[in-house]
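Have a look at the structure below before the remarks.
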Amino acid sequence: MPSFGAKPGDTTSSRSVFHLWQGFSIGAVVIGALVLALLGYAVLRYRARGEAIPAQTQYHIPLELAYTIVPILIVFGLFAATLVVENREVANPPTKVTINVNAFQWGWKFSYPGSSAVVVGQTTQDPVMVMPVNTDVHINLTSTDVVHGFYVKAFNFSRYALPGVVNQFTFRALNTGTFFGQCTQLCGLYHSLMFFKVKVVTDAQYQSWLASFSGNTSAAYSSSNALSQQLSTGVATKQTLSSGAK
Amino acid sequence: MRVEAKLLLGLGLFFGLMCAVYWNWSLENAGGVMMFAAMLLGFLPGGYYYFWSRRMRARPEDDPNATAAQGAGVVGTFPGTSIWPFTLGMGAFFTVLALVFGIWLLIPGLGLVGWAAIGGVSESRRGGRV
Amino acid sequence: MTDLLERPAAAEHPEPAEQHGPTGLLKWLTTTDHKVIGLSYTITSVMMLVIGGALAELIRAQLTSPNNTLVSFAQYNELFTMHGSVMIYLFAGPFAFGGLANIIVPIQIGAPDMAFPRLNALSYWLYLTGSITMLLGFFTAGGAANFGWVAYAPLSNSLNTPGAGADLWIGGLLLTGFSAIFTGVNLVATIFYLRAPGMTMFRMPIFTWNLLVTAILILLAFPVLTAGLIMLYADRHFGTHIFSVAGGGVPVLWQHIFWFWGHPEVYILALPFFGMATEIFATFSKKPVFGYKGMVFATITIAALSLGVWAHHMFTTGVVLLPFFSIMSLLIAVPTGIKIFNWIGTMWRGQLWFSTAMLMAIGFLVTFLIGGLTGIYLASPPLDFFTHDTYFVVAHFHSVVMALVLAGMGGLYYWGPKVTGYMLNERIGKAQFWFLFIGTQVFTLPMYALGLDGMPRRMAVYPHDPQWKALNDVASLGALLIGLSTVLFVVNLVVSWKKYPAGDNPWDAQTLEWFTTSPPPHHNFYRLPAIRSERPTWDYNHPEHRALGHGTREESH
């Protein structure tokens, strides 16, 4: 089946979103083609010839009923498909791995409950969220200031980071690799630069990465101090504070 | 008047139903309150029109066979030109600017609004068939 | 001086009454004539289209390279905020329900003026001053508002966006909001109380029907926005914490309030333009509107549903009832589809005359089809999670709003002769159409692809993804073509200035406004025909070609 411009993505739910996308697209293409064909026919065929006045037909009840009822059926079909994917996507099964994501102007903080791992970075420092492959990862997303958008293109997914609300969802990555993420909800001056990365690694790599933080908490916190200094001067640098993620 | 009343009552009914469903299903109140208000906005004027539609004779505009002559004549009177809408508009302008640039702008703002209110009302009273 | 709102009888042919009273500027300041007010509205809103368009061209120029420094980040935020705000608040709505509606609706139903002429004038002054207020932001030290046209809390609080620009934005919206509410009141009262004899509700032209429903939606939705703005202002300046977590408030409440107005607003904008297209299709097919009653019910259904879908703009907040808003939004596709099929039905077996207005309407139909179909995706939460706040959404709603611009231009070419008494040049008009139509597709289609490839909206730069430059350049080229079409429109106005007299009914159109002179006299009619259908002018001119009911065959000639 054609992809209609979307990509299957690298998580289980991104795959189902992709299939839903394909389903919707087939409907859209068929209906769009039908309407354009009818319109095209009318435009070519009924160009005015002379001054004759055409039959003044105003109603055709069976036809009108048809194009009321058929769309209703289509709509309920689309809705049913939506529900299936949606319920899968918003389900929050219990998981072993949890990551707390905190968005702020203009950066991200990823912390790992049960371990001392913390990754913080702002703008083009591209802080990295490390997560294991083929494992359900529970995300708690919130914001310390304004509304931000947590968007990972390869996961076909975005969710607002709202102040005062903890949004929860689950990713199960299918492939290892590094994926770009970005804030998608306008959050002020440096919104355009509020990047991050998601690094999906094997479970062993993940464990050793976590371990590299133990007894090292102060480093993580001091880096966030350096960060706040940079924030106040508004300078964005390429250097990544969260060296553990490298 | 019947159709007008039914349109508004129907909308009110629909918003009422939607409000009931939403209120019970969602965990959020703002939308329910707003839909409830929307329902009232259908029912209040709709009820008013319905009340009158049963008590008055069909108007020429509701009569499918009315002739133009039936509606001829004076429909209403009003000042043919008036400076007061402009005055009122300027008053509102300064009042809003007072929200931004300083409270002193309320002096011209509310001043013009008050002047326009008096001027406009007395203009209406003077009106009529002149 | 007092005017009598007078309606003539069928046989009367009074001479035009001698006009006395103020002239020149004072005449403009004091007028209560709906045609003059409507024309002022039209001219002002087209100026807003030009201003909003100029801002858009700057946006598109900035995006032609990944790390462009044409404008700063701060300026970019101002640009798209003011572009969106000018286009939505100051152009599209006022153009439709303040401009053409103001002029045409009373004439279409045989009314001598709007029900409250002075209130109508007030609406215009509030609109004009509100527009000035909002634009004043550009001249303040901190610049214009920069929190997006939706002003999400808490970005819009006094901590994150201090400065006069934001307050001027709020103030401007308060003024234009009241202006819209007054226009809504006026339209409803006019349509309910000032119809000509025989003009029953189900004989009103579709344009008038759509404006009635629009006006009702205005009355339902705008007060909510106004209330929200007052809360926002209170949060900013009076120390309340309605939308701030710190003080126990709820930021998402702003989104609920905003979109409870904002989604109906989409239809407040769209329905008048649907009405314009409907009239144009009928006239230039020489046929009645196909499925007239179905059309009316579709409009009412759209309006009713539109109050129950606001949170489809908030799917990704994670705190709204997904299935409810999803099914309600999907259902809107049904009445919208009915309209599309009815438009084609109107053309079917007609005698199509491809005037500029008709071309614009067909362009509207095609463009709106694209925008409508892509809107269906966004009603499905999983697909919205995927595309929300990317250029896919920008592309979707620009397909819709550019369709409205096409219909609106069609409306100007169609009704312009009625209002001014002069036609516009058709050759320039057609050139304008092709620039606008092709430009729109060249502009929107690449943005769909960009969105699917993950380009978020409201980005001044895209340093990580330089590969997006190519598609962005194409979109910018489209924007340029659209800009040129606007230039052609201005050229046309100059070239055709008082050149081609129109006559009363240049298009052999059907509805009542074409029965009177062009331009119509002071109180619109010297005489009225018998009104026996929604097309009194057609019935009068072609008594042997009345509309056929279902199952009726054309009598032999």
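Per-chain numbering from 1; labels A, B and C assigned in written order.
One rule holds for everything that comes next: a residue touches a chain if its C-beta (ideal position, glycine included) is under 8 Å from a C-beta of that chain, and two chains touch if they have at least 3 such contacts.
These numbers come from a predicted model, not from an experiment.
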{"item": "Any chain that touches subunit B and subunit A", "value": "C"}
{"item": "Farthest chain relative to subunit B (centres taken as mean CA coordinates)", "value": "A"}
{"item": "Centre-of-Cα separation between subunit B and subunit A, whole angstrom", "value": "44"}
{"item": "Whole-Å separation of chain centres (CA-atom averages), subunit A against subunit C", "value": "32"}
{"item": "Length of the line joining the C-alpha centres of subunit B and subunit C, rounded to whole Å", "value": "21"}
{"item": "Multi-partner residues of subunit A (at least 2 other chains)", "value": "none"}
{"item": "Touching two or more other chains - residues of subunit C", "value": "319"}
{"item": "Shared-contact residues (touching 2 or more other chains) in subunit B", "value": "none"}
{"item": "Of all residues in subunit C, those that touch subunit B in their complex", "value": "1-12, 21-22, 27, 29-32, 110-112, 115-119, 121-122, 124-126, 128-130, 132-133, 164, 167-168, 170-172, 174-175, 178, 192, 194-203, 216, 219-220, 224, 233, 237, 253, 256-257, 260, 300, 303-304, 307-308, 310-311, 319-321, 324, 527-532"}
{"item": "Of all residues in subunit C, those that touch subunit A in their complex", "value": "73-74, 76-77, 147-148, 152, 154-155, 160-161, 245, 250-252, 285-294, 316-319, 322-323, 326-327, 330-331, 333-334, 337-338, 340-342, 344-345, 347-354, 362, 365-366, 369-370, 373-374, 376-377, 380-383, 385-386, 388-390, 448-449, 452-454, 456-464, 542, 545-550, 554"}
{"item": "Residue numbers on subunit A that touch subunit C, as the complex places them", "value": "5-7, 13-14, 16-17, 20-21, 24, 27-28, 31-32, 35-36, 38-39, 42-43, 46-49, 52-61, 63-64, 67-68, 71-72, 75, 78-79, 81-83, 85-86, 89-90, 124, 145-147, 149, 151, 153, 156-160, 162-165, 167-169, 180, 182-193, 195"}
{"item": "Residue ranges of subunit B in contact with subunit C within the complex", "value": "1, 3-4, 7-8, 10-11, 14-15, 18, 21-22, 25-28, 30-31, 34-35, 38, 41, 49, 60-86, 88-90, 92-93, 96-97, 99-101, 120, 126-130"}
